[in-house]
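Working notes for the structure below.
Per-chain numbering from 1; labels A, B, C, D and E assigned in written order.
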């Protein structure tokens, strides 16, 4: 019905555009538009654990989903991954870098005195994946003290866009939307744990559309919307 | 900047409402705290002083998290509010106002305290000899004399509320029409590649609103001091 | 109209105090600059606590060290003309005058305005007043507060002779007309004569 | 809290250094701005006033982003600094200090301005008649009389610097030993499930440090007013 | 020691001013409270700008409306004893006294301390001073500033007779001894006599 509020979805900030489009597609089918709240996965997880009256949780990170699940706020059977992502190495568009991603690649030499921009490898999901990939490729130790740790992926992207860092590691979805950078290459799938976005319904969910919208996101239509924004299949 | 979308109107209205309510509601508390810190001496005063500064010293997300622990559905105050008043402030604009007020508190307290400490207490003594007790002296002498600090505190506090982001999003999330204020919308736009244009636009709106508040406060301040300058002021 | 004061207070390494007992309406504290006249008035008004002694006005005990009696300032009913005027800077002259208004007091508002020549000043801010004008407003404010006793600390020091003479007449008649005693500080012997006051010499007790 | 790890010592030292340098370096600028806003009248004054409040009104990340645009290696000021002085502040603790100083500015300016506006200008006039020109009058009369505001501004500013997060991480990133301050470490700990223990520990350290600064400032303030109370103060 | 003043200034709807020309060392501005005596001293000191007229002291033109001359306060060398003392609250008495120190002036520091009885007060903060003590410090500060002219606004109003007599003697001798003219405000005709001053009646020009 018009004016009615849809289910409240807490979603990781990195899914902002894709999820907005998905909610639009759902609303176009005649349902009440879901209310989307985008923030960092950690903030959302804490809100849920504080008893926030939300319906769905879409995390950028399996760890936080597991954390919320362990705390008993997730309806177990409803947890499923709705998308995946790739990790890419980027450079400013006007200062392209020639580098082949692979074992023992000379990334430290390319960096020279400057820094590699990425999300915090100790805390932010994208950074953790990046660190794993660099470690697998045997180059982490050569760059470990040349990292500019961003608060999130976008901060790292901004540094490369502005040319303040000659190289950066971001999600493919983020790289895709920016014209100021060029993708140097994608990290091999096996170099880090698979990047997945888990979705689950919360135990406190009261909205009658919650489950239907969750199923919609997992459906072929829903996944197609996410794919339009560069997300891979889970 | 000429016309706003309906979403933008909602965000602007919400930001103004939250900041106004937060500033107004915090003002008496801030004044009381400033008064206690300026005038009283008691053991633990330094602790109170530290507590007042807490939201300034720890990053906003920590303040937001503490609010969540206290006011969440599971939190002591949150449960109490729910049981007795049936009120939840989580995910509500009232929660955003609470977060903004707490973040603005240290600024407001300090400005007001500065003015209270500058009050010439001989005037309060004079009021006492004229039969005014503590309460009347407070309302008719101390409070009016502390007005500059109150006004400065209100300005600082309002501006701080208009800019509050970290504690708000951590505490009450980012819910359109309820807790999505200008700074949160700006932050969201920052997260979007190519969102710089929108960021600039929203930041300018934010600035324009705060500037209007500033102008209003300046005019009020001028009205208040009007005619009180001596003829000895050459300049 | 009995004034019975015997107080001592240590101030900055010295003892300040006075012992007096009069029944004559106006008692004039007389003594050189810095001897402690203002301090004594402050003790009577309840703004400084004496270290020892007592203060009794018209049979009311305002302070007694041994009996631990210490009536708060606002209940003492002292109409105090401060040496430094202490006008309220955020209130216009009229509001300053009426601040302590209680009953009719020793003089009505219009009488006070008339006798003190405050007519054109009622809507002014204190900071725009000349020295003598401020002093007159301070006198008016104290007179209008319906006091039990008037404390006047060199109230005429900035006034011209004509005004001074007029006001001395007004002040002299207050105890007779209203029964309100006056404690008057001055260093001008002529004023004491004009007031028919009992001269109390403030001495250094040391 | 008894013993710190070497990393924690680094973070603590860095936070203190950045906050101290930022507060100290900003103080004269803040005073100048406060003076201009309190004393001068000129067209565009309101604009300056708004500019001073800007870091308060927009979310910190926007301020950080603006700093990046201006002071980055590609930015106008950044390029100029590099060409003429060979200095880069991006990714350096100096950059973190700049971000902190900018964020603390509005608070410092407002507190100082409040004190400047409260100066009794008749005393400055008296100094003039005694042969003191503008400069001597400023140093010997106006500045000492504005000291309470200066001190309050320094306290507020220092506390704000100790808590600064958003602008810093956006501008100079999170580089251990260079720009990783307490709030940044706290924020990182917040991002990890189960990091609440570390968050609490670091927040308490932060609070303890700021509390020490508060105590020091309070003692200084008391020293400054020592002996200046009149014997007429009964209380 | 020529004092040649002719000034007018509109203050709150009234005109305040004076026309005078004397050569007698001390000129006493005399007139009722609120007539404009303080305002005139402020104009001489350069703290208020006259709307018209001129101020010439000892041949130096301090102000001339028509010639657009307006020497700034700090260069006028006016040792000004303000009616409201204006001691610097953040400086101890000694620092207040020495603030304007320039050369030897009409009296040395030790003479000033002696004659004004400031001996025990040098390390005190102004707020702890009694009314008369503050007034004496203000006089000392002006005397020590090595002035070209002394402006004294009721400088003895809070002092006892003995002190007053001593200081009147000191002040009376200043022009003779040092060539420094004095513009003296009082409402006490006896002071004018004691100073051998030329009485200038301030009138309402309206």
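The criterion applied here is as follows: a contact is a pair of C-beta atoms (placed from the backbone, for glycine too) under 8 Å apart; a residue touches a chain by one contact, two chains touch by 3 or more.
Computed from a prediction, not measured in an experiment: that's the story for all the values here.
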item	value
Furthest chain, CA centroid comparison against chain E	A
Greatest separation from chain D - chain, by CA centre	C
Distance between chain centroids, defined by C-alpha means - chain B, chain C (Å)	45
Between chain E and chain B, distance of the C-alpha-averaged centres to the nearest whole Å	49
Distance between chain centroids, defined by C-alpha means - chain A, chain D (Å)	36
Chain C, residues touching no fewer than two other chains	12, 38, 46-47, 84, 128
Overlap residues in chain B, where contacts from two or more other chains coincide	61, 65, 122, 125, 190, 230-232, 234
In the complex with chain B, residue positions of chain C that touch it	45-47, 72-80, 82, 84, 86, 88-90, 99-100, 102, 125, 127-128, 141, 145-146
Complex contacts: residues of chain A adjacent to chain B	8, 10, 13-14, 16-17, 35-39, 43-44, 46-47, 49-54, 152, 154, 157, 174, 177-179
Of chain D, residues touching chain B in the complex	46, 49-50, 53-62, 65, 106-107, 110-111, 113-115, 117-118, 121-122, 125, 148-149, 152, 155-156, 159-160, 162-163, 165-166, 183-184, 186-187, 190, 196, 199, 203, 206-207, 210-211, 214-215, 218, 230, 232-235
Chain D to chain A touching residues, read off their complex	61, 65, 68-69, 72-74, 90-91, 169-170, 173-175, 187-195
Complex contact set, residues of chain D against chain E	122-123, 125-133, 140-141, 144-145, 147, 227-231
